[in-house]
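In what follows, structures are represented as structure tokens.
Note that chain A is present in both complexes that follow, paired respectively with chain B and with chain C.
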Partner chain A sequence: MVGVGTSRQRRPFPLGRRGRTILAIVAAGLVAWFALGLSPAQLVPTGGAGIARDFFAAAWRPALDYEGAGVPDGARPFLLKVLDATVRTIVFATAAMSLALPIGLVLGFLASSVGWSGDPATRASRLSRTLARSVQGATRTLIIGMRSVHELLWAVLFLVAFGLNTASAVLAIAIPYTGTLAKVFSEMLDEAPRDSAAGLRATGAAPVQVFLHGILPRALPDMTAYAFYRYECAIRSSAILGFFGYPTLGYYLRASFENLHYREVWTYLYALLILALVLESWSTRLRQRFVA
Partner chain B sequence: MAFVGPSGAGKTTLLRLLNGTVTASSGTVLVNGQDLGALPVRALRRVRSHVGFVHQDHSLVPNLRVSQNVVAGKLGERGLFAAARSMLFPKRADIDRVYALLERVGIPDKLFERTDTLSGGEQQRVALARALFQDPSALLADEPFASVDRARALDLVELITGVAAERGLTLVVSLHDLDLARMFPRIVGLRAGRTVFDAPSDNVAETELTALFRLADELESELSSADDSARS
Partner chain C sequence: MNGARELDPRSAIRALHRRRPRSRLVRWTVAGLALLAAWAWSPRVEVLGVRFGSGEIATGELFSARRRANLERFLTEEAMPAPLREAGFSWRGLFDWAGAILADHGWSAMLATLWISILAVVLAAAVATLLAPLASRTLATRDPYQLCGDNCRHGPGWRALTTLTRLLLVALRAVPEYVWAFLLLAMLGPSAWPVVLALAIHNAGILGRLGADTIENLDAAPLRALRMLGASRRQLTGVAILPLALPRLLLYFFYRFETCVREATVLGMLGVVSLGYWIQDARARHRYDEMLLLVALGACIVIASDILSTLARASARRGS
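Up next is the complex of A and B:
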């Protein structure tokens, strides 16, 4: 028995802290697999092998025109319909991001620690420190609330509450995206290098100016890249909202899928892929302007 | 004047005390008769805006243009929106002044370059231009020659002392290079947070300077052997 006041000798765990962390992650994954009874055999088609084969075979021959018969006279050409759905998908995502980005930026600033750090040489009053902590805490709680509900759930809620209208769709995307952007922005701001801020503080700049011109520019490249990534996610979400009846890619994708028009389905999927590629290339070029 | 001393002697802390970015735990720091420790925040910022500070690590914003970094020197004197406008859309007069300052520090062609594309020595010159853009009454420089080679360090010493003389600025520089310290008229030797000597450069003996940089145990053994020999 070890007496009080004596140093207790612990036998070191052979893996060390890092090893234990990795082991815990692997163990958590294995537990989840066993809990769900996952097996690769589940991916072997049972009875519907022909459907799976047809679906993937169609990937090589995406539709350039309507697949099925019975297309009414005067109907828009198929590719024009795809283009229209793609543009609508972008418009919904853009409208949602136009709300999520500025609000996320403001909430990210309010939730960050650096936004409230003030001047290290002067001690803030107890009242202003309490106020700062309260605003920061309230903002963080709001952010958690916004992002804890998935956009599809928001869409269902708004659909029930306000019916099928564009504002509901835009808000359904904007709310959780604002929360996610705010959380990640606040972390990026807190992790931005502080040496530039010290330089500006020495010139007599106020804390807000130090933040705007010393901290924000350092975090901006990462924040821009992340905003683009979220825009890409918003486009996907916007497409998926089509499944609820909004006229985005998902609406037509669902219809084609239900009619077993797999080649049309692939055309819509490729439209999404092209959108993602264009955004990626745009984001990379913009980031290079900031970083290179 | 030059503060000299080994790492950890307190040179940087002393410089920061002088522009009020660090507050004294005891004693008072007077700038133009004002006790920095007793000043309200706004007044403290006003003092800082009149004291140029060149940092050892430059403390520039690397992904902004040189012109923007220099204009940032006036943030302390401008309101929130005026400052933002001057950073994003600087007036012609500001740009002309920045160009003149960059010309004075020898890099006028870098006006619209991204700051992180410049060499260490060039960035140090940008930091100096930013400090001068403040129209300071004093210039503090923390190890400004640490990141450049000897020839460029000599150039920078001449530049900083020359600019300070032209504008009649009080110049305080921290250094650990003894030869460079000799180029300043007054030297303050610091060690472990205390002033070891404060004298005109010509009156400081070589042994006093080199003793500053000896390791503490080396110095103690030397002192004890000197004591022993005195006793015997």
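Up next is the complex of A and C:
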């Protein structure tokens, strides 16, 4: 080991590990800036700053009724339409999560180490150990494949493969979310405290009992909190899928923006904001209840 | 309670089971979400004029003959790399085809995606580092770390400051990146800025909130000691709080970098030269083989950034 004196001489400049890390991050940001060829001049709004001014001016008075003429007779009231879009956003997200959660649980269990290691006292045969390891490896590969393609890319793939269909929108959200849930669940299972599992094992419980009563309950609070957080994310994703033609908030937001109905855009933005606020406070409360 | 019942293990376990912590909120949440899911999936049925089921998800239609024909054509013809459709499969042909696409725009798009996400996350971290101390309720009060005990007041000005900062952070992160990028692109015109800013804004909201929570959860004893020695808020932040919180902040930073790479790939679809731009472009030209290759490239850089972020987080955790 190096003594204090020598280490002082070895330090080339007066920065510790922290300083070097921060310096490296700032340098990476500067490199990225130059690599992208950005200049602050590009930040001036094009179109004579008019769009930006009009758009932000509209923030104070979101539309409560259709903006502009040309609304067909007998059209639903505007606010009802916003509500409908919000409900549909929630519906798609909920349906996707109802697929992602059970499958993610199973895959997460298969991908975890704790689900397979079982009881160290019973000597598993080499064959069964190899089998377990290969199933675990295959599941992990599957999970990586599912989650490394973004939900919007899945949506685009399904659009090309099937055409516009609402069930494929649900699938597009469900696939990457299943992968992410499975990955995080497997990590949480592996990191759960093992004390109660060891106790159960010592009293002679079977591996299934050890898992169900020793390990799963210790990981469950974190898993539930995380699942709800993903539900929040799913609602955001579902809203964005509207940009690809599915009838969620994004669809109407885009249409209103392209028709230059900025006040309507703000109504949709506020709907999104309220949805996010409600979910976040709900999720915070749930987490407090769980992860004390 | 008599002794015999206490000793009977079954009733003791049952008694423990009855006394387990239960939460009404959790139960209602689970039941409500399960009902909502059932409603979402079920077809629309009207019974005596009352509507049941959302009928929004056309599951049956997904397996209709037209959809199946679509899928079959996609898998057998369109997804096949163009040079291999007539000539038959050869590894050489596949590599030549992929290499040409990579050389033409694949590599540059991957690099652009990477640079966009790096710049975005660095900007987000800078903003978040400025906002996080203002949003943390232990630091931004009239009397940080409570020298005067528990009974002193917060000061309404400070309370307003933390509340407003937290509200700002919520608003920043509540709007999805994609929407920010869409709006900014319309205002700023095509450059990398809209995507960089959209990612930076959304992630500043997330990192700021996480940073504020980290600062609030720091061990108070050393900070209170510094306070007793007469350190000001700013000195406290620079000398103790940021250095103490840094390992955790770095964890979040690299975690968000990973998500930024995922999002930057996709945000290109709005018309900025990252991978998404070329994916959208290939789709518009009906070159679905090329599109699949680009999606796979996107998956590759996501996996690469995932590994990078895991390594960096492991090193940050060692430093804590």
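In the analysis below, the second predicted complex is superposed on the first by the 252 of 292 C-alpha atoms of A that agree within 3 Å, B and C clash if a C-alpha of one lies under 4 Å from a C-alpha of the other, contacts with A are read in each partner's own complex, and residues count from 1 in each chain.
Quick note on the criterion: contacts are C-beta pairs under 8 Å (C-beta built on N, C-alpha and C of every residue); 3 or more make two chains touch, one makes a residue touch a chain.
Predicted model only: the values in this text are computed from it and were never measured.
Colleague: Superposed on chain A, are chain B and chain C clashing or fitting side by side?
Modeller: Clash - chain B and chain C, as placed by superposing on chain A, overlap.
Colleague: Once the structures are superposed on A, label A:L277 by its partner contacts, choosing first (chain B), second (chain C), both or neither.
Modeller: After superposition on chain A, A:L277 lies in contact with chain C alone.
Colleague: Check whether A:F55 is in contact with chain B, with chain C, with both or with neither, and answer first, second, both or neither.
Modeller: The second partner, chain C, only.
Colleague: Under the stated touch criterion, name the partner, chain B or chain C, that contacts more residues in chain A.
Modeller: C
Colleague: Return first, second, both or neither, reflecting whether A:H213 touches chain B, chain C, both chains, or no partner chain.
Modeller: Touch partner of A:H213: chain B, not chain C.
Colleague: Just chain B (first), just chain C (second), both, or neither: which does A:T203 touch?
Modeller: In the superposed model, A:T203 contacts chain B only, not chain C.
Colleague: If we overlay the two complexes on their shared chain A, which of chain B and chain C does A:T141 touch? Say first, second, both or neither.
Modeller: It touches nothing on chain B or chain C.
Colleague: Identify the residues of chain A that lie in both the chain B contact region and the chain C contact region.
Modeller: 290
Colleague: Sort out for me which residues of chain A touch chain B in the complex.
Modeller: Residues in contact with chain B: 119-122, 195-196, 198-206, 208-209, 212-214, 217-218, 220-221, 290-291.
Colleague: For chain A, which residues count as touching chain C in their complex?
Modeller: Touching chain C from chain A are residues 17-18, 21, 25-26, 28-29, 31-33, 35-38, 42-47, 51-52, 55, 87-88, 90-92, 94-95, 97-98, 144-145, 148-150, 152-153, 156-157, 160-163, 165-168, 170, 224, 228, 231, 236-237, 239-240, 243, 250, 253-254, 257, 265, 269, 272-273, 276-277, 280, 282, 285-286, 289-290.
Colleague: In their shared complex, at which residues does chain B touch chain A?
Modeller: Those residues of chain B that touch chain A are 19-23, 41, 44-51, 53, 55, 57-64, 72-77, 80, 83-84, 87, 127, 130-131, 134.
Colleague: Can you list the residues on chain C that touch chain A in the complex?
Modeller: Going through chain C, the ones touching chain A are 23, 25-26, 29, 33, 36-37, 39-41, 54, 56-59, 61-62, 66-67, 70-71, 74-75, 78, 111-112, 114-116, 118-119, 122-123, 125, 170-171, 173-176, 178-179, 182-183, 186-189, 191-193, 196, 243, 246, 250, 253, 262-263, 265-266, 269, 276, 279-280, 283, 288, 291-292, 295, 298-300, 302-303, 306, 316, 319.
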